[in-house]
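Pasting the structures in now, so scroll down.
The same chain A turns up in both complexes below, where it pairs with chain B and then with chain C.
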Partner chain A sequence: MMKISRRQFLGATAAVTAGAGLFSFEMLTKLDPASAAADNSETKQFRNVCPRNCYDTCGQISFVQDGMLKKVDGDPKHGYTNGRLCVKGYTYTRRVYSPDRIKYPMKQMPRGSGNWTRISWDEAMDTIAKKILDLKKRYGSTLPICFDKYSGNFGILHYAADGTMSSIGYTTRAVGTPCWPAGIDAQTYDFGTLYNNDPEDMVNTKYLILWGQNLAWTAIHSLPFAQKARENGAKLVVIDPILTSTASKADLYIQIKPSTDGALALGMARYILDNNWVDWDYARANSVGFDEWIDYLKNNVTLDWAASKTGVPKEIIMEIAREYATSKPASMWVGYGMQRHTNGGQNVRIIDALGVMTGNVGKSGGGVNYGQLETWGFNYGAMSYSAPKGSRGIVGANGKEGDRSININNFAHDVMAQQDPPVKMLWLACRNPGGQDPDTHAIEKMFASMEFVVSVDSFFNKTVQMSDIVLPATTHFENWDVNASYWHYWIGINEMAIQPMYESKSDLEIAMLLSKKMNALEAGSCTYPTSGSEQEWLAKEFNAALNASLGISNYKELSNGPRKVKMPPAAWSDGKFRTPSKKIEIHSNQAEKNGLPALPIWVEEMKAPEKYPVRLMTPHPQLGLHSQFQNLDWMMAANPEPKLEIHPNLAAKYGIQEGDKVKVFNDLGDITLKAHLTRTTSENVVVSYEAWYNKSNYNVNYTVKAIPSDMGKQATGNNGLAFHDNFVDLQKV
Partner chain B sequence: MTEVLRIDLPNESVAHFKEIASVLLALSRVFSHGGESLDKTLPMMVKTCHQLGEYYPELLSMSAELENHSLLNEIEQQQLCFEFNRLFIGPTPPIAPPYESVYLSQDQLVMQEQTVKVRSLYQDENLMVISQGKNPDDFMATELEFAAYLLRNADKEAMQNKGLNRLKYYELYTEFSQEHLRKWLPKFVERVHQKANHPVFPMLMDVLLCTIELPLQQRRNV
Partner chain C sequence: MLKQIGFILDANRCLGCGACLKACQINHNLPPTLTWRTIRKIEDESSDGKRRFYLSSACNHCANPECMRVCPSGAYSKRRDGIVVHNSSKCMGCKSCVASCPFSVPKIHPETGKATKCLLCYDRLDLGMTPYCVKACPTRALLCQEIHSISLDQLIRLTAPLPGLRLTNPSVYYKEPRRLNY
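On to the complex of A and B.
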């Protein structure tokens, strides 16, 4: 027996390999030395930004070895996220390399059957382009094509999906935002726009009220700033119908009846007024209608009323009113959940007024903080392409033809209501209406009525299930982009860290590919460019003003680290409000013109109907973000199934015990899930977190009606959704 | 350091490397061409199985069954394609993702240490995956193509009567099979056996497991 070493062996095989050309390779090819050299085991680092619909928009560092993403960590140069990620952010390698990813363009025949065929990108583009041209020919316009995009990826180059639609003609567009429009309008009426203090400035506060805000789950990177403020002596108060993780960390937790936040703020305001803790100088100098509101308080609000309305004891209202008014500065952070009511926007306006009356607006360590879009000064070139010449659209108020708008928050019904021409095709990008829109049964019906549905996604979900063609989307590690936050002031570049897996493509690549096909089939049918690298497109998103605000001369400098937009730490510190009067409008003519109260006065909350006496709240979960993340293996291991959180007293009424299956229903639909008895929720409120679980049809929106919130159309085009004004009954299964 | 042992194989068994390689290559094409091309790749599977079946009667019965299921009308072919995609491709989470690291890595993901290891083996042979970095190197079709390549070379060496060289590719196949194919394919096959809704796929799996064992069986016989 003789032994040979591997070195000897390899040397001997080279000659044989030289003859490998005779072998019929399809998967393998001759080694490219350059590729092999580049693919060494040295770890490379790239800058990325989490593009999810989240306050934190984390700066990330991706670690790549052998062309593979090995680890994702926080970017230490990011001053807000400070080198850390949330539990979702640390799972990214599992998202990128999940075997469940959608890998190729796929066609389903017929839609909803589960019968999928793999097709080439060329066939996909050909099928889609021909359908667009066919509809255009049949109806004389591209209005039968409806586009719905929202927050699956907030990267600026992903607005190329919007550009795709603009460049083929005038189309039907889902307009609005499901998440936060009532609050946006409230702050628009009051201040001229939404604009929060730099969250890092939170350390300077002496008193912090988190109003319906669960930062421990949804904005974890703000927690260190809040904790720092506490170390400096600040008191942390959490007001929420649910005893959240954040509430458990607070100095004082107040369990409020849902949708009565305005009543609590009014009660506080009355007590502040009665004790003359009002900052009269600030309020009168900077606002209009303040004294009118003071009269309202005197004539209409009592502490007893506020206590009765909110379920918060009078003594507690007095305590937090005194502390909030006398701690200087004091800060409030208004969460998005609290405005998802039929009086949600109005409640935010009342809280705004509370901030004004105590002189906390425009102050470092203060503010009524909701969100901001001040830092989003990009060119939006990827979406800015005009319709081909001769395109027909809807004649708008300006007399010009344009897109047809429908309400994103009543999507199913609005799509089906269109008649001239009807909607026949859907294009879904960064959006999963099958999982996230209210009234899922109506969504299913609407999808079934379509001739053709295209979705672009990374994972199979309810919307993909109802599509004719699904196009595989890249993850953010596989394309270039730039991202801003709607909370902190940082902007970061997102570098391409790894090659796009399988045949996935970005929205930008898809836009160019479709344009190429459209023009090949019918010259001039699409105005979207057909070439350009992602980095070339990225460069076009920057302008002199943005560069100056970031202190850079070229976007490439962001590869050295994210930059913070140069703005004062306190929003509105210059006193230049953007309302018609240029002052804070406690009395808002604009609100009145829109059929709302001019003043921040109490508007009754939606009451539970007799038939459905229990409120079902469906807040954001800890381990997912809408229909993202919860499907991943780690999340499924940690949180394998949805649960219904129910107060023991309410459970007893229905004979429900821990672990029992419970049917939650109303006249719209039902869901069945396991009961978890807990006193974290109040007696007439059950809670189930909105999420999409892997291989599960669980969807809270089967029971959620498309009831509009009170505000949103002024600034976002349509009112929001009263997701939390959802009433049900229960039945032990 | 890997050591290669010199073992003399009976002459008649060496000739089978070529036929075994053909079956593995045909299996590779089944997975690389996908469910949409089963009308072409399955008959090729059957043909190569028949050829190899001359030496291994157990394969003859398998290929006969496979043949029965590969002569399908258009609708049946379409159903087969849908089932193939449900099992291996998506867009629903595939039942049996055809990637080694999904079965052997701690994290059960693609692009893990197994992927790097097979890439290294390909590089030793002056080869690389055509779309390296985009498609995992340990994709089933790629591993089977590589296995076929090794056996084809083993056969060539044997034909050239190069003495010691004759065993080198065989040993490389043995190593590749023991370190990779034999470790993960049984787990992969088990999933298909448990969840497949069409008999052709468990049959394919049986052929697959049987075929990768044949060269090793020869050694055991010795």
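On to the complex of A and C.
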């Protein structure tokens, strides 16, 4: 460690800060009802779970006084989040009581005009139900109705939105996941499914590689476990094209050329092989095709090649290869950013193979950790309703009629491409394609071609702006639910802490309300139940196996605290892999059948076209989650506008200086934003974080083409998106 | 030596996530325009490597508090455990402390017009609990303890940039951030 004098330290501080607090709030006091509530009445506490699309899925305690949510804190009984929240979690009072919240059902005439009128729930349901019945009559089926839902709220009862659609007939469904499918498929080909070690087990590792993973911003509660491991002597290595907050805490940070992660892993594998640090016993006993891959390494991979491909010096590759292979156990955490490339899934397969080669799979303190869905053993009763008798659908491979599925990752194109019958109506729940889908211009065009658009949301985001009717959604403090995480093993109940604000309703209530209306207009046109309290619905989501794994006999026991699903700390420690061969498939016939290499071999990354030489990366922000949170005035005050992070050398080429407005453009579109010169990014990569800023049309996806990643089809229905293979040029404005 | 409680921040752990600031603000019912904590992001580069780190800070509870010295109405006092307390019932809102604190800690409350600042949650400390900010820190970067009891070889002191102001002797320490070389 180098020594710095006090003066240098302060000099550095003063240079950048100059009084610029990260948080300086310029709002009026009286706009914060949470802090204005009376102080002398009894405070009630409720258990909640943050339902956002986040690794951490925090246990929360809400403090309610006079029916008002006064504050939200972490739940100390949650063994992974340990009574602490992130900054987003602490702003929930502001989200619930935001003056920008959608308060009532509203209609917009004409669509996109911003001319919103408050309507009653009855009018909203009547308009929607009549439209559904009208389309059904005109086209002979409900297929012209297209449903798109994803990660706005991962609560299990929110699958009622899916149920709404199944119960009116066969519809057109956006299928797949934009986030992580390439990596899921990679682990599915290799191990049979995605299944990570208990993240709390990270404390047992001796060596931790965070591969394209920025836990400081996206999984902050993992850091204490990683730090604990470091205190016990583990080394923390971060591999990322961007010097992230996480990287700034690492023992070793490796700035890799984007999309070349597989080449680095292959280089490491070759060096491990040359030095015979291979765990032959484990690899040969537990996998198929291992020696075939070893031959590939011998014949095709050299350290020099890996170094030139990745931009990582040979000595560094040798160092991390030696340390990773000889520190036992060693753990890798594969982030979702690194698989958002045209060779992303393949790169994850190579990293998987590296874990197998060193015998780190199935070990406590080891693992190639990506995510898990093992703890999600609910009944999904809220979504399981069949179409009314006589419904017409698309005849599937099994000869039965069913829904028509389209690709969630090419949504605009696929919706427009449907002919027989065309899509005429959209229903959007927990989803903001206007903000999050690639090629925003195409999305705008597609929305404009619709007859009718319904969205369920809490804020007037880009998707709502393009809707005919918006239905106000409850926040998770205003409805019952239960939540699991795709990372840790805890499950928590989400109690209704306050009455729904204004006229907001949950997806479940909306499903029941619409069914009532549909059946009143045309008996038998919707099979969804029309009654039942949320708690009754919640009870139906639990089954004996789930209860046993949580050590409870009734879901109500979760009101005493979240429970951890009983599973061994190390995934795959039983050696029972779920591939067709029941072993780790280094050679995967399934992959080959899907037109992919059978082996985890190098697949060339996408290169920048001549016309657009700069890569635009659009990672997840710190103060928001996709299009959530950043729009709140508290966050807007802390981070008022987006910035383009650009390397000083690249900036110099374009004559761009700190604070200059820069137009970022390609064939699809452009965005204009202020430049921030920083060496945290590399010379040919500019960075702007995806987010929805309030009252702003800023959206990184105007330039993002819907290029599929290599994998995703096998397990999730559709390939993922190569969000980070996005190339642009720059111009000083 | 007198007892002195103060903050210690491990700059290698602090991620600038803002949880401390928000937890402090919410639990002390501060209006949205007022925070007792600030977070500064620092990026610098020298021949020794690049650094990107964050400093979360609040009142430094100085050994020789300038606020207390200049306050004409005696609103400031220093407890036996070193915490600098501000008594708002004595405060006249004259802003002397606001102008004189070398760290710009005291701020004027927009509703009362009086000075206000971090009191190190002394009421919680008296009950054996930790301050809200320390409790909220997800990475355990922020600690609060008796500062004379700790070994200082790995810690550096925060002082004001002007030599004269060093006299206040702030009771806050930082574990210095590493530099990365690549």
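Everything that follows uses one rule, which is that the second predicted complex is superposed on the first by the 693 of 733 C-alpha atoms of A that agree within 3 Å, B and C clash if a C-alpha of one lies under 4 Å from a C-alpha of the other, contacts with A are read in each partner's own complex, and residues count from 1 in each chain.
Simple rule for what comes next: a contact is a pair of C-beta atoms (placed from the backbone, for glycine too) under 8 Å apart; a residue touches a chain by one contact, two chains touch by 3 or more.
Here the structure is a predicted model, which means the values were calculated and not measured.
**Q** So, A:Val49: does it touch chain B (first), chain C (second), both, or neither?
**A** neither
**Q** Could you look at A:Arg118 and tell me whether it touches chain B, chain C, both or neither (first, second, both, neither)?
**A** first
**Q** If we overlay the two complexes on their shared chain A, which of chain B and chain C does A:Lys695 touch? Say first, second, both or neither.
**A** So A:Lys695 only meets chain B here.
**Q** Examine A:Val356 and indicate which partner it touches, taking first as chain B and second as chain C; both and neither are also allowed.
**A** Touch status of A:Val356: no partner.
**Q** Who does A:Thr680 touch here: chain B (first), chain C (second), both, or neither?
**A** second
**Q** Give one of first, second, both or neither to describe whether A:Ser98 is in contact with chain B, with chain C, with both, or with none.
**A** The answer is first: A:Ser98 touches chain B but not chain C.
**Q** Scan A:Tyr90 for contacts with chain B and chain C and give back first, second, both or neither.
**A** It touches chain C, and chain B stays clear.
**Q** Is A:Ser245 touching the first partner chain B, the second partner chain C, both, or neither of them?
**A** After superposing on A, A:Ser245 lies in contact with chain C but is clear of chain B.
**Q** Mind sorting out which residues of chain A both chain B and chain C touch, each in its own complex?
**A** In chain A, positions 1-2, 4, 6, 9-10, 12-14, 16-17, 19-20, 23-29, 31-32, 35, 93-94, 633 sit in both the chain B and chain C interfaces.
**Q** Considering only the defined contacts, which chain A positions touch chain B in the complex?
**A** 1-6, 9-10, 12-14, 16-17, 19-20, 23-32, 35-36, 39, 66-69, 93-94, 97-104, 106, 114-118, 460, 464, 470, 498-503, 633, 694-695
**Q** Could you please specify the touching residues of chain B with respect to chain A in the complex?
**A** Counting only chain B, the residues touching chain A are 1-6, 25, 28-29, 32, 34-36, 78, 81-82, 85-86, 89-94, 97, 99, 102, 107-112, 115-116, 119, 122-130, 132-135, 139, 141-142, 145-146, 148-149, 152-153, 156-157, 164-165, 168-169, 171-172.
**Q** Any idea which chain C residues touch chain A in the complex?
**A** 12-13, 15-19, 21-23, 26-27, 29-35, 37-45, 48-55, 104, 110-111, 135-140, 156-157, 159, 161, 176-180, 182
**Q** Inside the complex, what are the residues of chain A that reach chain C?
**A** The touching residues are 1-2, 4, 6, 9-10, 12-17, 19-29, 31-32, 34-35, 71-74, 83-87, 89-91, 93-94, 216-217, 220-221, 223-224, 227, 243, 245-250, 253-255, 622-623, 633-634, 637-638, 678-680.
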